[in-house]
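Structures incoming, each one as structure tokens.
Next, two complexes with chain A in common: one pairs it with chain B, the other with chain C.
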Partner chain A sequence: MVSSNEARAASQARLAGLGFTLPAVAWIVLFFGAPLAVMAVMSLLPLTADGTPPQLSLKAYRDFFSQPAYVQAIWNSVVTTALVVAISLLLAYPFAYVLATRVPKRWQRFALACAILPFWTSYVVRSYAWLLVLAPTGIVNWVLINLHLIERPITLAYNPSATVFGFVHFFIMLNALTIYANLVQINPRYVLAAQDLGASAWRSFIAVTLPLSVPGMAVGAFLTVVLCIGDFITPQILGGNKELLLPQVIMMQIQRQLDLPMASVMSLVLTVIVAAVYLLVQKPMRSARL
Partner chain B sequence: MNISKSLWVGAALLALTPAAQAADTLNVLTWCDHEDPALLEPFEQANGVKINFKDIDSTAAILAVLGQSKPGDWDVLVLDQTDTGRLAGMKLLEPLDAKDYPFSDIPAEIADPKLSSVGGTLYTIPEKFGYNTVAYNKAAVDPQAMTDIKAIWDPKFKGRVAMYDYYVPMIEYVAIALGKKPAELSEADLPAIKDKLIALKANSSMIGDVTTVQQALASGAADILVGGGEWVTAGIAKDNPNLDYVIPTQGGVRWQQALAIFAESKQKDLAKKFVQYIVSPEAQGKLATSSCYWGMPANSKAVLSDEQKAILRWSDQPGYIKVSHPYLQMTPEFDKALQAMWAEVLQAK
Partner chain C sequence: MRQLGNVLSGFYLTACYIFILLPVAVLILFSFQDGRLAVPPFKGPVLDWYVTAFNNPRMMDGLVNSLMVGIVSSAISVILGFLAAYGISRHEFPARRLLQGVIILPLAVSYLLVGMGLLVTLSSLGLGPSLWMVIVGHVVINMPLAFAICLAQLGEHQRKIEWAARDLGASTLRVLTQVTMPMIAAALVAAFCLCFTLSWDEFIIAFLVTRFDVTLPIVIWTMLRGGLNPQTNAVGSFIFLCSILMLVAVELLLFRKRRA
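Moving on, here comes the complex of A and B:
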């Protein structure tokens, strides 16, 4: 009798669990799984000149991987994203650390609000604003000229560095938020214990705080990869088309030819890269045991 | 509510449904220059119809809209005339009769059947044109130097040139600089054109779309713009009167837009009336001076004031038309080859 009740309770718990997870699963299937499947099918139906229904084929994949300029775009996207992640983390960490450990609690909220201010403006407007700042008549050149560091304006915008710069401005704050959220959860007694055992401040930071803040860095890095590698706006406005990233090549296929099969192939490549990065960082993201 | 009242309410609601509206509506896929009420209202009033337009900006956008529509949903389209062959090849366009349209009032180069017909069948009617030019800041650059297309490769302009991010006019300008006729380009010409484009890129400060090159000209990041339409400078000329444009003596590139009727349209007579209206002298004047962008009307009898004609450089047109080349008439395969080459140019270090 008891075992029957337990079995019923377990069954009810399973049903309840299923009921709670079903909406999330349905959401993922509907808005992620299904579009991904459509994209995969689309990539196998190459464009025909006369609009007749195409035959299943790997032609779009062959066309993509046989174009060095398109393959180069993958490499450019990976390198740009890696740079943005590295620079954003390097700059965001000290900011988040000071905020979490040095700034009085009552000021932290204000500082965080200031930190997320850049998110309040339109992404496109922000990119064009950077263009004005970096222009020959912009403030950076004006300062450099007035400090007699340069004689004539130098080209700061319209190159890959400007793209990285624009990205970093956005993602530094995103990373600062994830790292800060992680740092404030670390039990301060761990550091005190390390110092009681004779570790210097630097040693206790390296041996205790830094490893414990890896999950925050991993989450920030992953979000940066997801948002950065698929972004079209920033490289298009700030990069001056001096080199192409994969989203720009995808837009080329859509804007002129409406070549959805080729665009699907490229989008799937992007998805594979993001999935690979996720596999790489999922362990550090889950390693928080505070 | 009594029965007769209910019937009236029901009838009124029925009148609001799209199906009921369809009979009194002409559905047009159009660029922004066809959307002024001053242009559309005379036609709507004369024919007792409403123009239901959807704003598109490219042939790819037309295909995207058609992909989400039922056959017959759309009646008329505005297109870049270089895509006549592509859309006719997909059997999307209705064959037209030249006698129904004022071809005698359209300059012969603009009315060239090579641009409007496929296999001897007329599919598109030219309505507006203009030029992809060499624009420059005359406060910073000698206007005389800009009349030579080869000047944009001159090292003295290094870092001061902006390239327009559309491969068709850019490739044509390079072909002109190499002494090739754009209409005769083939895949064999592409390696030389690619090298020349890469050399131009090395001399340039940036490559961008309309807004980005406007920003570059306005901020001084570039003093010269190659391949952009005259609308690029027109949009910012008020704030920067030193911006001007020229068609190089070796030749220029001419854009041309056209009207066509969808083969699946269920209102072909009304669609034909609309096309006839747009190429009439009155409508051509309004289309040429649209609030979205100005451009030369195809019909030389367009109703325009002297001031408007001066802005459009009306008296220069015979010379401009003579030295300008229309956009390349391409097969989809050649178009893909050009696009891939343009990607290689953009990736070149």
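Moving on, here comes the complex of A and C:
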């Protein structure tokens, strides 16, 4: 009698647990999983020239990979993202390190809050704000002309390097956050122990601190890849219209060509790239406790 | 050596801060520009562009839409995220890990993918774009965050107090609303505010699934075609101010909670 009561209580608890969890799961499955499935099917039903009902085929994929402009867009996206990850990590690491080791403890929170301030301006406005700085009529050119260092405005905006610039500005904040969160968790005794054993400051950094901060860098790098490679705004506002990135090409398919199957193919390609990066950084990321 | 290091560190920090804060400073400065273009030299300060922005009906419609989308989607995100976190941390049931993975999954994909999925689905169902779809999409991207925040807060300590309440005869609903939720109220509010700031600022999903009734970021986007216009600066500065006030509120709220 008692045991059957217990069994009933246990199965009730199980049902309750499922009951609490299912609405959230249902939302994700219905509004994220199912749409992805629809998209995958859509990518196999290419538009026909004469408007006849489409038939299952890989035509959209073939068209995509045989179109040099599209392959170029993938390449541009990958190169831009790789550059942004590398530059952001290189600039953010020393910043986070100085913040974690040289700034007095009670100021660190405030210093960090100031460092991520632009994070809270509107996303669209952030890229626009860089135009105010970099445009031919922007601040930098104005200052340089008034100092008589240049005669005519130099080209700073509307090219791929302006895109990288705008991205780095955003991701330096993000990476500084994840690296800082990692650095302050490293037990300072490890470094002291290394130095007691005769390691120089530089050696103890390379052999102890740096390897222990890899998880923070991995998390930062992965978030950078996810957010950077799918971003349409920054390249569209700052990048000019010569070297397009994948999201820009996707938006063109949607807005001008009205070719949803092709846009689906492109979005799936984008996702495959992100998934590949995830597999690459999965191991160091797992040990992160941020 | 140590001193040289300090000087170099100081220089580096300053350079980084200048780089990080420069665009925001320029943005705010030129929102007070007296003239039709947000380009140097700076003349002013005047508040004309703020007046213009607040009298712009498209802008105000966008603002109202953004507030509505932000509040509704954040509320749904926090409620669903909290319930799921409660279910997963308090109950043993089959496929628990798998379901947790499903809820977290959208955190690892581009917003573009979420928006594309919704757009393609809408179009194959023959449905038109609408603000409701923006809410749906924003819950997809924000609920995993709310879930993660709640899950981190529901520890063993709270679990024991819940047991005590249940031993004293409280029903599940009563435990949830009168014991669990008050205990992690600060985290719930913080999760709501975080979801709201992310939703309020989200562009690509809103851009893909709306057409005429749009949110504020889309209105700003259409304004950008007009070039370097101080009105855009005014709106941008205003959004910045709102977000900062929101963060200060969260900070005070959590800080007071901790001291009490």
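In this text, the second predicted complex is superposed on the first by the 243 of 290 C-alpha atoms of A that agree within 3 Å, B and C clash if a C-alpha of one lies under 4 Å from a C-alpha of the other, contacts with A are read in each partner's own complex, and residues count from 1 in each chain.
Methods note: contacts are C-beta pairs under 8 Å (C-beta built on N, C-alpha and C of every residue); 3 or more make two chains touch, one makes a residue touch a chain.
These numbers come from a predicted model, not from an experiment.
In the superposition on chain A, A:L279 makes contact with neither chain B nor chain C. Looking at the shared chain after the overlay, A:G138 reaches both chain B and chain C. By the touch criterion stated above, A:L270 is placed in contact with chain C alone, chain B being left untouched.
Counting residues of chain A touched by each partner, chain B versus chain C, the larger count belongs to C. After overlaying the two complexes on the shared chain, residue contacts for A:R256 are found with chain B alone; chain C is out of touch.
By the touch criterion defined above, A:G240 reaches chain B but does not reach chain C. By the touch criterion stated above, A:A73 is placed in contact with chain B alone, chain C being left untouched. By the touch criterion defined above, A:L149 reaches neither chain B nor chain C.
Contact with both chain B and chain C is seen for A:Y128 once the two complexes are overlaid on the shared chain. Note: residues 128, 131-132, 135, 137-138, 237, 254 of chain A belong to the chain B contact set and to the chain C contact set alike, using the contact criterion stated above. Those residues of chain A whose C-beta lies close enough to touch chain B in the complex are 47, 49-51, 67-70, 72-73, 76, 128, 131-132, 135-138, 153, 155, 157-158, 236-237, 240-244, 249, 252, 254-259. Remark: chain B residues 58-60, 63-64, 86, 89-92, 159, 163, 165, 205-209, 212, 215-216, 219-221, 331-333, 335-336, 339-340, 342-344, 346-347, 349 touch chain A in the complex.
Residues of chain A touching chain C in their complex: 13-21, 23-25, 27-29, 31-36, 38-39, 42, 91, 94-95, 98-99, 102-103, 114-115, 117-118, 120-126, 128-133, 135, 137-139, 142-143, 169, 172-173, 226-227, 229-233, 237, 247, 250, 254, 260, 263-264, 267, 270-271, 274, 278. Taken in their complex, chain C has these residues touching chain A: 5-6, 9, 12-13, 16-17, 19-24, 26-27, 30, 37-41, 80-81, 83-84, 86-88, 90-94, 96, 99, 102-103, 105-106, 108-114, 116-121, 123-124, 136-137, 139-140, 143-144, 147, 172, 197, 201-204, 208, 216-217, 220-221, 224, 228, 232-233, 235-236, 239-240, 243-244, 247.
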